[in-house]
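Residue numbering begins at 1 within each chain, and the chains themselves are lettered A, B, C, D and E in the order written.
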Amino acid sequence: MQFGRVVGSVVSTQKEASLEGLKFLILEILSAKNEPTGSHVVAIDAVGAGVEETVLFATGSSARQTKATDKRPADAVIMAIIDSWDLGGEIVFRKGE
Amino acid sequence: MQFGRVVGSVVSTQKEASLEGLKFLILEILSAKNEPTGSHVVAIDAVGAGVEETVLFATGSSARQTKATDKRPADAVIMAIIDSWDLGGEIVFRKGE
Amino acid sequence: MQFGRVVGSVVSTQKEASLEGLKFLILEILSAKNEPTGSHVVAIDAVGAGVEETVLFATGSSARQTKATDKRPADAVIMAIIDSWDLGGEIVFRKGE
Amino acid sequence: MQFGRVVGSVVSTQKEASLEGLKFLILEILSAKNEPTGSHVVAIDAVGAGVEETVLFATGSSARQTKATDKRPADAVIMAIIDSWDLGGEIVFRKGE
Amino acid sequence: MQFGRVVGSVVSTQKEASLEGLKFLILEILSAKNEPTGSHVVAIDAVGAGVEETVLFATGSSARQTKATDKRPADAVIMAIIDSWDLGGEIVFRKGE
């Protein structure tokens, strides 16, 4: 899994039928030090993530192991909203701070 | 998923039988700011995308989760045509503009 | 999928039994402009590709979705021999030219 | 598989239900010479790894082939704690030294 | 698949139970010209490869399509020991030379 921050969303009317009703969010990928990497990925939201939220996302076939994404053509999913994380004994992110 | 723009197509007569009738499109991969990255991928079209269309594509085993690509040796699929997307509160792409 | 050109082959006597009889070809990966990238991959041939042939190859689990590669430890497969492709309205490759 | 060292952990209350009770650890990826690469990955712990432990992790669908991760949206798993490894005839890592 | 040379091995007592008895080898990844790339991967041995042996390895879910690795959390497997390979009409590697 990698760290990401919700920075946008995608609107699509004409898509594979199984994707109807799913939310496509744009994530900026974050380093483990909570710094933006400049890279982005579009992920399906499986946990009710909102704009500016900091999340974990999974890619590949593992992205289909949620109720939202099962058997769907989705290769990235937000599977957790992060409360906090620590690195080398220091808290580097805490939600709401 | 990643952003792409349809910039070409591939013709092949001699191919794995299960791929008969499918459309191989060349996508230029776009950044989240809607800038060409210079990288390309060949994807199967599952949604009727045309030349110059801006799309989302999925890769890996997820690329086989459409009616067009099920059980086929395809590792990238166009699964949505994009109407618009926003990034950091700004619309960066809107179809037809 | 990506573009490749057959530039060599690999001989192996001692291998996983299920791979008996399969052809391991070395592909130079090509850009969408039909330029060599300097990167290579070893792929199983599922379509009767020969030396110097220009092909499409698929990777990952999708590489196992051919008769030749089903249930085998192969992560790249040649699934189409290319007749031609166009990019931005120009033909950039045509077989036999 | 790749080498990693446990350097942190992630706390998440709001996540896909199937992930309840699993430990999300942050790994710094190590080179084969046991040098930090500066890259990190978040992996599920399947073997009781602790902080500063040196481990092997697997990614992709293989990350779901443990009791802890089966059918869960996890794309990286710690599947072994390393006792030692050698490279070119030299021991480059031994646990507890 | 990619080219690799066996340059080391990993010892682990505490690991996912299904991995008991498997050999974890460290491969240096080779270019198609038989040059070391400086990158390494840890792979399960499915073919009895020894130190300094030159091999092909497969990654991802394809790495589980051997008797040794079936249903195990392994994302890279040695599936062939190479006798020789040619590139552009020249032999670039022959075993025992």
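Here, a residue touches a chain if its C-beta (ideal position, glycine included) is under 8 Å from a C-beta of that chain, and two chains touch if they have at least 3 such contacts.
Note that this is a predicted model, so its numbers are computed, not measured.
Engineer: By label order, what chains touch chain C and chain D together?
Structural biologist: Common contact partners of chain C and chain D, which must touch each of the two, are E.
Engineer: Just tell me the minimum hop count from chain D to chain E, counting one hop per pair of touching chains.
Structural biologist: 1
Engineer: Using just the Cα atoms, superpose chain B onto chain C and tell me the rotation angle to the nearest 5°.
Structural biologist: The superposition gives an angle of 70 degrees.
Engineer: Roughly how far is chain A from chain B, centre to centre by C-alpha average, rounded to an integer in Å?
Structural biologist: Chain A and chain B have C-alpha centres separated by 20 Å.
Engineer: Suppose each chain is reduced to the average of its Cα coordinates; what separation in Å results between chain A and chain C?
Structural biologist: The mean C-alpha positions of chain A and chain C differ by 33 Å.
Engineer: Which chain B residues reach two or more other chains?
Structural biologist: 59-61, 63-64
Engineer: So that chain D leads and chain E is second, what is the order of every chain round the ring?
Structural biologist: So the chains, read around the ring from chain D toward chain E, go D, E, C, B, A.
Engineer: Show which residues of chain A lie in contact with chain D when the two form their complex.
Structural biologist: 1-3, 31-32, 46-48, 56, 58-67, 69, 77, 79-88, 92
Engineer: Chain C touches which residues of chain B in the complex?
Structural biologist: On the chain B side, the touching residues are 7-16, 18-19, 24, 26, 28, 40-43, 59-61, 63-64, 71-76.
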